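When the chains are written out, they are named A, B, C and D in that same order, and each has its own residue count from 1.
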């Protein structure tokens, strides 16, 4: 136990150092693959694991920043360097039994890490190698658990039955990655699927079974292209993209009143124009919508389309809008499964707690696909006291909590070995 | 002279009493026709004088308010009561000579007249018969001059040559009437055409030859139709026409920056919705654009179209927009004619003055059509000290100035009898 | 029973005919008072029952329309004609026991009633006397039940104990009336309070105990006063109130995103300007906000204030905003009372059903005041199949359902006579 | 002549290479000072020539970009490196006579220069040393003329009389520099002042005496600071700066309708927010207003203030707005001086032409100050065929036209030596 905790912390720090944002987890993927080298683990990666659109790909400049001069000592280095990052590890027991899936996310955030002495990664010198990229959401910890857990599965394959699929998913930030993986054949065979996140405000020592209010979301970029003109000499020749964007911003924020559920919209970024004396021929918005169910999402998407198109027409601009990320709502609706797990974990001594997220997580796509196919799925929150909130430069969780996450996954497997619930 | 002035004042007061807004000058037309009964005057009226769309017709309710119970003792009473108001009086001398046209407008405004003791029409009991309609722009005075002048033409037909066409035009307010009359065959034969307006800020005793800055204009109504819904229970089912109107209002007011000339826009009226707890399914705007030339007008019209259509799309509404009035810009560009008239009138002792209007007048359609056909045209401003500005309930001009207007027209005729300028 | 039903229908039709909108229930009040004449009923009305602001009073013109030539054959006719309408009937048993309050609302809507042959009031000639006013929300039925019930209380006073207070509240539409009555001493003594509404989508035969989602609301009028100017000649002299209103409309609709609960806003009416060629010096908005709790309401109110004030400043206008109606949220939070009533009514054979309103009702002020003082309160929905939705010109409920409402109130009294729950 | 032209071209190319944007003309100033070293030229520079606010200073990052590692071999290197750039050269003849001032601007633009083979500076290897800075408005040519002209004055001082002041002004782009220099004592003594610009659409060989429509302008930055919040979890805690900016953009563009003169506004740049799931706590606008006279400018400035402040209040944001540049309108109102110069230059064989700019130039501050003090002032346009419009990456003028500019200045001096007009 003590030893496992040390190993988890060690691994977490290695990944923390490698911090790479979504679709650019080049060295992270290399490190994962090396860490999972084991005869009993079948490793899939590169293009073969992809079966859906990779949303929100980085720009050429961003990619170059992380890949330039990089040589990966793995077989499919080229595919990985094309952005087919992540991996799927499979452990087969050879015995009849349930297929059980797990998802761990692997990407970092485009954020400058704190250089404060209080910041553990800085003090202990495992801060990010990449200036401007940082594991500020705990995915480094997720990977540590995922690796240790997969190895444990391999080591205990003989005592276990059925099959285990462990997904190391890229680009969770911006809810981009799941979409590219969930349509594969992997999920069709899955009887049980588990996701987990660390922190989020839940205290160290606590576990939440069935995170509430995981909202559906769609991330949208809208670009208005007008026509530039000298603002003093010939304003009438311009088509003002900033005016179109302003009209859109106000219109978009009028959308979220919906009796069908919780609805949210946010235009979080705006940028437009080239000079103050030029009628702006360019303006763009980065926005997101969220909803507690698909009906709300349909209403919001239709509304966004109307507002953007109308704004473009108003000011004679061309509109180009694209989806940069997408996740679904997930609700812990399988009360029987919830209760069975709850009773089992309580008996095992876990301190359970309710938790409402009111945020989005693309693990929802895995959970929903499995449930749609008749499988069972659950999302857990792993409590951990934080130094600063997620996505902050001083974010840090308590490394001592990682072992609880690893134990949880082991216990879930133990439970399913002896208590097969609703197998297909 | 003294007698003429008295007769003008008498006539002006009669018309003031009859005040009827545009396209509803029923009794006004009847009175005009009776006043012009003369063997030497050929009177045209009713449908025969119309050759273009009558813009901005009143609603059924308005028409009923002015026509209900009315019997006109004229031949084409029925046509007049259908809104084919106004008349064209023709005086033929039988001798070769120029064809000279004149235009006098005849409509009142939908305005409650002042009942202040200082208000002459009230004190002398010739205020409007129609509560809510008032001659507050001097068209009563224009008609008085027009009638006396036409009669003078008839009386002096033997001493004159050529042909005289005097148009008594309805619905000048909102620049609606000229459009329905200028396409007739009347104008094709015209060599000279004159328009005139009283007041407008020019002092009593002054005459302006060639009013400056008569702007082109278009009056537009826009109706947004959305979908109503209970604002508390099902806001998402509504399509909010008030939001569409608000977006349009802001967009429209961004239009008038144009290097091609002076540009103006105004949304002067807005109305929408039925109850505060209902998502509004209806909103409408009354707006106008103005420009100093056709290029500006084209820019503005295209802009208005874009803004209105885009706003409708933004909020899922249907748009219906229609033209309710239209006038052209007129510029005193025939410098030679201007100078000839100026010299003649100065010699006659008129006190001439420059005057810029920055407003619109549909007489511009007559002036432009005649100039396009190679004729000569001029607009005059007849100075008169006002009690209150035009379109105010206490508006009143100085009746003593009417005689100057009559003299001006007589002198113009005298001038053209002896100095034929640029006849076709 | 049969007889009671007939009497209810008779009364309902009498009140339907008298239809008068809020604060103008002159003849309605007279009729109520006459109907409640009984030695055992103490009647309070006129100013004495008022202890709070009467929100959303009608204009002088509206008042004249309903009061002109009216002589009420009741003692305090003058006070009633000043708009102190409604009445409170008290039945004292003289015996110790709970004080029990009830509220029935009495106002009609400003709506033209259907003249379709299918419309029962039209076919049977009991349609509204007042063209443009109609009982289209069932308050006529409420009054019928209230009167029959009060008389029953008086008739059975000897068998009952405690005291009964029956409030006939004016101006429920626009949630205006309760505010003027709830601060009186009446409510302080109340141990139990009951409200009820007919229809709303609940089917005939059904009763809902504890209507869900009665939202708090505030009705606000905002008037922007700018400065008029000629839009062609001197636009820069104007201060455009329509632009201020447009900016406000868009801003207001951005407000309702609140994690503290359900939030709604609606600008339901807009009106501004006097003529299309005049920069508008006047524009006004009729809006409402709704929220599921006070915290949301505070957020919304603060937001509305900011948006309106800012919009006025933007366009150089003066702002005047005022509250025209106000109601609170009410939640059926006293689960014990709910369950006791539910069990009792089920045993009595009522067909109970859940019902969510997502609308507002100012009865919430009564219910909350009583609960705040330690009393018990409940709101019921009385099912009735409707011919058309509430506030529609063809609205009509099924008169056969009135008897169920009367029985419900009688049964509630019977229950409390024998099962005193939580008396103070 | 031939030689002068070669020298001009040589100098122009040297300055073209040194291209530095406003307030960072470090090497440019050094080069100017070295080029003007002459016993007969009194050189003033550094802080001593400054007597007004330096508007629109660059950021620390920008300054570092141009000054890092730079050592200027001039006496007041430190002051120049603090941004006190530019110089004033004085030539005293020692004889009584008029004081005559001239202004040449020296800054480049933040623009990446064309690397097209057709682009002369690229082909002949005199393109900008600084990637991202370029002389794309001809100020390199202005400096060449200014230096050659100053040297000529020095060489001919004995034949001349009076005093000559030649201002080499920094930061003309964005109309920032003149404001810092015009309040000095220099201008008080000036009897005549001349400004000149090359290109602008006037053809090679042409000279315009008295450029028309030099508009007043003010460059304004507005920063809205709100409050960030998680857009999914707690939108009500945010104060959305992007919404404030959007409301401001739409409001600002409604301002320019003004009967007092030509009015323009443009929000040319917008930027706001940090991430799509965060309520933006920051947004900023770069805008400009222009007007043909001070009254229009006052109207516009008051309007901008209202709109910005109101928008900030609407969305609960803090507003910080600041002036980044300022220029005045200049009109060639001294008709006598205009005519005298015109006749003289025509006689000298110059091809004169009218030219309307409808843009802004901060030389207007010099011209107006001198005229206010009773001096005489004139602005010239020096025709030159352009390869691409001003401020474009392929901008280039015809170097052969520089000699015409130099000759013009010499001739102006010759004229004033013999024809003293209206000396103080």
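For the reader, a short list of remarks on this structure follows.
Everything that follows uses one rule, which is that contacts are C-beta pairs under 8 Å (C-beta built on N, C-alpha and C of every residue); 3 or more make two chains touch, one makes a residue touch a chain.
From a predicted model like this one, the values you see are computed outputs, not experimental measurements.
In terms of the distance between Cα centroids, subunit B is separated most widely from A. When the interfaces A-C and A-D are ranked by C-beta pairs in contact, the top one is A-D. Centre-to-centre separation between subunit C and subunit D, using Cα means, comes to 68 Å. Put simply, the C-alpha centre of subunit A and that of subunit C have 50 angstrom between them.
Inter-chain centre distance (subunit A to subunit D, centres taken as mean C-alpha positions): 51 Å. Counting partner chains per residue, subunit D shows two or more touched chains at residues 233, 235, 240, 243, 247, 250-251, 253-254, 257, 259, 264-265, 358.
Within the complex, the subunit C residues that touch subunit B are 174, 215, 217, 219, 230-235, 240, 242-243, 245-247, 249-250, 253, 264-280, 283, 286-288, 290, 357-360, 391. On subunit D, the positions that touch subunit B within their shared complex are 250-251, 253-254, 256-257, 259, 264-265, 358. The part of subunit C that touches subunit D in the complex is made up of residues 233-236, 240, 243, 247, 250-251, 254, 257-260, 299, 306-307, 309-316.
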